[in-house]
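Note that chain A is present in both complexes that follow, paired respectively with chain B and with chain C.
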Partner chain A sequence: MNTFTKKRMRLMGMIRKESLQILRDPSSIAIAFVLPVILLLLFGYGVSLDAKGVRLATVVEQPDTNTTSLIGSFQQSEYFVPIVYNSIQEAEEALRSLKVDGIVWLRNDFSNRLLSRNNAPIGVYVNGVDANQARITEGYIQGVWQNWLLNYTHDQGQDLKIPVLLEPRIWFNAAVNSRYFLVPGLIAVIMTLIGAMLTSMVVAREWERGTMEALMVTPIHIREIVIGKLVPYFILGMGGMFLSVAMAVWLFDVPLRGSFWALTAASALFMMVALGMGLLISIVAKSQFVAGQVSIIVTFLPAFILSGFIFQISSMPDAIQFITHVIPARYFVAILQTLFLAGNIWPVILSNAAALLIMMFIFLGLVKRKARKQLD
Partner chain B sequence: MKTLRRIIALAIKELLAILKDKQSRFILIGPPIAQLMVFGYAATFDLNHIPVAIYNEDHSQPSRDLIAKITGSPHFELVDYIEHDEQITPLIDTKKTLIVLHLGSSFSSDLKRNQPTKVQAIIDGRNSNTALLTLGYLRTIITDFNLGWAKQNGLPGPPASLQIRPWFNENLVSRWFVVPGIVGLLSLVITTIVTGLSVAREREAGTFDQLLVTPLRPFEVLIGKSIPGILIGLTEGSFILLMAVYWFEIPLRGSIGALYLGMFLFLLSATGIGLMISSLAVTQQQGILGAFLFLVPSVILSGFATPIANMPEFIQHLTYINPLRYFLIILRGVFLEGDSYTLLVDQYWPMSIIAIVTLSIAGWLFRHRLS
Partner chain C sequence: MESSIALELERVYKTFTTDNTIVNALDDISLHISSGKVTGLIGPDGAGKTTLMRLVTSLLVPDKGKITVLGINALQEPLRVQSSVGYMPQRFGLYEDLTIQENLNFYADLQGVALTDRKSRYQELMHLTGLTHFTNRLAGKLSGGMKQKLGLACTLVHPPRLLILDEPTVGVDPVSRRELWSIIYRQVKKEGMSVLLSTAYLDEAERCDEVILMHQGKRLGQGTPQFFSQPLRGRVFHVTSPSISKRSLSIRLNSVSGIIDAIIEGEKVRIVTESESLPNLSEIFPDHSDLSIEAAEPIFEDAFIATLKDSQTTVVQPKNTLSKTSRDHSTASDVVIDVENLTRKFGDFVAVNDVSFHVTRGEIFGLLGANGAGKSTTFRMLCGLLTVTKGTVRIAGLDLRHASAEARGRIGYMAQHFSLYINLTVEQNLKFFASAYGLSRAQKKERIDWAISAFELTSYRNSISADLPLGFKQRLAMAAALMHEPDILFLDEPTSGVDPLARREFWQRINTLAESGVTVLVTTHFMDEANYCDRLVIMADGKVLAEGAPAEMKNRFRHPDQPDPTMEDVFIELIESNQNPKEKVA
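What follows is the complex of A and B.
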């Protein structure tokens, strides 16, 4: 037998051993296939930034046709659930005790000032605790107000002369459906978790049980051990990835405008990075206990908060933006959001893929070095 | 008396087991502090330096005034001037700019003739939340410009206008919302990793059976095992709380006692869930998996980043078993709304029930493990 066949036999043996181990303990298979489905189902439906059903207290101190038509505009809007209050005191009490999310208050001189074109004030209070939702709610209120104003002046036989009219064109997601960007981002977060979970305890377990030493005394090369551990988990992880993409497209109706093959290639690259990170944790930590704790800390929350999946990276302070460069999910989120919504924008895809490639080499290189060191 | 002594002895042993090991001691102290600092600054929905490209075909004074208003705002940052339609697509596609503002050649002539003039804003909608917020900032600036223009030229303003006043967070600072949430987030993570493996590890090592044959009764073991999680959670929670108030300068308007009652009940329920997972697990790997499986949905479906009110009804019902949901309401209520005990009762009792149920199950599982 020449050395090449020997090498191949050793590698195949290693892969077979790992695969058998996976099959014997089905929890890995559950992690790869069942977990992404459950998580994506829960989060795909559960995570949304589109405010709807905003409970709005309406206080009209002197009802007449004008106030009725304005309040009617709020009733017709799909974003609001108006609730009538008789006095501003009651409405404020309701806002304070979180029974409503906002108040629209028309004082008793509203119609008089409206008729004399004396800039009649519409008092609006919103609960600002969740600043993001408050801003979105304000936007909806402004939309209702502007439409009502156009209709009102039109009915009066006048033209509403607004000097500059803003005409927004929102590309890639004209309906501004937050699910379209949240679902691809969720795939990146979920896959980070799964990649790390699959591998983070693998080597730590072997160290703890002493089977690693047993492996070391065989002629097998360290590189072969690493590849042998990666291959089966890679296949499992990619299976989970395809399931997630299928769900995004067919269940959540997120348009996939870019190439499927580019998506597959980017996913494979990302999976290698995630698995490499898990293996590294597993090798550096001396016990399963520590490996498990570390993988929880370094994967989930950073991928959730620092990947640009939900919080815009360009708005973070410079130092924090710098830190986000070491979060692999950051690059994958950018690739996924672009491939799903914008299409094959190669400059975006390739630059992020290059970053993932570099991270892969760093992680796998570190895995190799650390694994050798541990032997001494 | 004996019971108390035994519990204290076990609690001390548990604490030592966690704090004695250098690596695991570091995990409990280093990452939470680092994460608080990083997330405290990173997790904000407020936008600043939104890259904007200007496509001005008008070149008149009023158009330059409007553009100066936009580029002068802290929310926007000018990245490019463009001259042709074809330049728009590549700029947006490659994310060099988030928004292209297009002023047509008739901008100033329309304005001067008193005709409404249109300004087109092309926005990258890949992140629709960012797109909506950008649009909001832009609207505010343009409304302001319109008022100024009307005043300057003696035109009538609109017959009615909005006077919007946010409550509790008057300047709509996103950080005021997020940082109190991080207090809950990090104390949940710490408690879960402290308790999630505590039984599984001893089971694997075989020392748990030894523990059960000592005079310690199961409920004593349960209390002894709960104390470290709660103590460590309270310590780190208090530290993060101090940082939120003194470093991030989030106003703390309500009752601190009400906040601590909430934190205690929250840690109790998180400990219960952690110990339950830990005693269900046969191996440490399963323990970690369980901890992950509990943590991830608890955080994402807690209202930390996306509101519970936006979720479908079924998932909203599901969040009632999530202790973090209640604690976040308490945190934000006490911090920003100035809440005290009475307003928070509805958050206290569900966490107490979760704690009682999970702790009882954990205690029962100590002896009756499913094999």
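What follows is the complex of A and C.
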């Protein structure tokens, strides 16, 4: 038997063994297939960053036709559920006890000032505990108010004297549905879980059970061990990816405007980066517990928080924005959101893919350098 | 390149650094082992046996020195070394979620065994290990002995020229142990294989062609087992007395100056003296003229103890202050632990199956069996840590189901692997356990002082428990279990992983405790430890195979071709006569 056959036999043996273990281990299947489904359902149905049904206290000190019409505008909006309070004190109390999320206060001089200057101030209070929600609520209130003012002045046969009037037009996600950008971004998180966390824990398990020590004192090369681990988990990760894409498109009706093949290629690239991180962690962490902790802190949480999956990178402080450049998920999330919502915008896709490619070479290069058949 | 030397180490050093302390794992080791022989690596815990094996297999790199394995320089060509030796680490990692066949296939793939050769090789190995009928069973579902045999089969799938085995028989039942040894010798004879193995069982040293004795990273000696034991000729004796129990005899003999070692062996006490002249025993036993002393054949174990006690600076001799001054000795037939038809199931698996026994006050009662026989499960039920599926347990007359808290207050429990807080100091651990048992401030102080002096922990009082030598951890764990002066002491595998020296010392303490009226229930997989028990049960597969005093049991299996059976012989015969016919080795 020549060396090539032996080499192939070792590699195939390694891949076969690893695949059998994946098939028999319920936790691998859970992380690769059950967890994605749970996360997708949770983020698809449960989490919404849109402000809908905001409970709004309305205080009208001197009701007349103008105030009734303005409050009516709030009532018609799908974003608000107005609740009438008789005094600002009562409304403030309600805000304090979290019965309402915001207050619109029309003082007793509202109509007078409106008539005299065509522009009466309204008092707005918003619960700012959740800053994001508060900003959105504030925007919506302003929108309703401006709209009403526009109609009012129009009815009066006048032009509104606001220096600049915004005419918003939203691209890519016209309905401003947060699900549309959450679900594609989630694919990055899921693939990080499979590639980095599952892989690092599986290798750590070999250390814990002593199988690694036995494995090392055989003719196998370290690169055969690495490739033997990469291949099955690559396939598993891509499986998780296709499942997520299928759910995104068919269950959540997220449009896939770009090329499916570009998506597959970008995912394969990111999968290699994630596997590289997983293997690198497993070189340091020799117990499943440590591997799990490290991969959550180093890969999963950054992919969640710093990738632009939920929180806009451009609105982060400069220092944090700088850090996001070393988070691979950031580039993949950009590709995912582009491919799903905008289409084949090649400059965006290719530049992010290039960043991923560089990271893949760095991580796998480090694995190649650091991995050796030794215990210390 | 085939030479008569399979392995050679020249002035090898290896140190490890942990938390600013440097440990000399191997300190100037030079040795060579010959081809076609079985060489045993023997030494107490921390002697450097595992480190040596990892250096030989190129898993570690020495700080200094030269290692030549089968003519290959291990430093220059580690992969070639790893390709030509067979290595089974301490816990041989079998893939528990793969079947026996899949494990074999995997190792055959790694070793490049040609597909055409596989069938006959598998058949041979399965036949040797008696696993033929179980090839489709998951490795995780095998007993400890079967796992170890499968591990050996995997390393032998492609016969290596040098086989390196790190404690292959630890925790394995005697039947499987015997089988493992016969497989090893067969390979040596048939394939001309060289074998290097380490073991914690001193009796196994006798089975090796050559023995290397190691201690604290140094090689103390190398030679045949007889080479070690012969110098002790004339210094080993058996002592018996019809009027003194073997236990109190051994306690007293241990305190005689001039006697290095006194242990219970069978129904006698075996002593090793410092010189060939027997010390004057009439001083210690003035009223007993019936002592009979006869010369005994020295064995490797005697040499081991004598050599190591020599090289140890402080002679550990437990003080006789363990016993409380006055203990209420009730009638001897007072049943303290009463177990009836005890059963515990985990799903479909019956871990403990209809077990009954009773223990009387002041007895040392043993639960003997291999790993996985159900000893620990039985124990946990006795301590009220596991609920009982069926049957009753009465501790000091209290039913555990109804008065578990009260019953537990009278129990001291030392769990397997010593449940200590390893980042606390010795004193902090003792304080914690004293508080956990609800002792008053004055009692606490008194008991801690007692524990420190009785277990000779003074010099370690403020040491972090994690840094203690294993034997001292064991002492501390036992002290912790005794903080509330329990009537009953449960010890779960107290000597597992502890070296022979510490084991001896430990049994001396137990003997002293029992003499003072404490009831001791102990589990062990060391067959020779059964002799320390007044009575015992032998367990296998969750069932009790036999109950009685060691002497009774041995009498039962005494026949012409086995005039003086050991506990191990008893165990093997019991297992073989009880074995499920299907599982019986073909």
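Heads up, the rule we're going with is that the second predicted complex is superposed on the first by the 358 of 376 C-alpha atoms of A that agree within 3 Å, B and C clash if a C-alpha of one lies under 4 Å from a C-alpha of the other, contacts with A are read in each partner's own complex, and residues count from 1 in each chain.
Heads up, the rule we're going with is that a residue touches a chain if its C-beta (ideal position, glycine included) is under 8 Å from a C-beta of that chain, and two chains touch if they have at least 3 such contacts.
This structure is a prediction, so every number in the text was calculated from the model and none was measured.
Participant: Quick one: on chain A, after the overlay, do chain B and chain C clash, or do they fit? Just give me the call.
Facilitator: After superposition on chain A, which the two structures share, chain B runs into chain C.
Participant: Once the shared chain is lined up, is A:G210 touching chain B (first), chain C (second), both, or neither of them?
Facilitator: Touch status of A:G210: second partner only.
Participant: Touch check for A:L251: first (chain B), second (chain C), both, or neither?
Facilitator: Neither chain B nor chain C is touched by A:L251.
Participant: Does chain B (first) or chain C (second) touch A:T218, or do both, or does neither?
Facilitator: The answer is second: A:T218 touches chain C but not chain B.
Participant: Who wins on chain A residues touched, chain B or chain C?
Facilitator: So, of the two partners, B touches more residues of chain A.
Participant: Identify the partner contact of A:K17: answer first if only chain B is touched, second if only chain C is, both if each is, neither if none is.
Facilitator: Only chain C; A:K17 stays clear of chain B.
Participant: Looking at the overlay, does A:M9 come into contact with chain B only (first), chain C only (second), both, or neither?
Facilitator: The answer is second: A:M9 touches chain C but not chain B.
Participant: Based on the superposition described at the top, state which of 111-119, 435-443, 471-479 or 489-497 belonging to chain C clashes with chain B.
Facilitator: 435-443
Participant: Residue numbers of chain B touching chain A in their complex, please.
Facilitator: 21, 23-24, 27, 31, 35, 38-39, 41-51, 66, 92-95, 98, 111, 114-133, 135-136, 138-139, 142, 145-146, 149-150, 155-170, 172-174, 176-177, 185, 189, 192-193, 197, 201, 284-289, 291-293, 295-297, 299-301, 305-307, 309-312, 314-315, 318, 332, 336-337, 343
Participant: Quick check on the complex: what are the chain C residues that touch chain A?
Facilitator: Chain C reaches chain A through residues 54, 57-61, 78-79, 82-83, 85-98, 102, 105-112, 114, 151, 154-155, 164.
Participant: Please name which positions on chain A make contact with chain C in the complex.
Facilitator: Chain A residues touching chain C: 1, 5-6, 9-10, 12-14, 16-17, 20-21, 24-25, 206, 209-221, 373-376.
Participant: In their shared complex, at which residues does chain A touch chain B?
Facilitator: So the residues of chain A in touch with chain B come to 27, 31, 35, 39, 42-43, 45-53, 70, 95-98, 110, 113-114, 117-136, 138-139, 141-142, 145, 149, 152-153, 160-174, 176-178, 180-182, 193, 197, 200-201, 205, 285-286, 288-290, 292-298, 300-302, 304-306, 308, 310-312, 314-317, 319-320, 323-324, 334, 337-338, 341-342, 345, 347-348.
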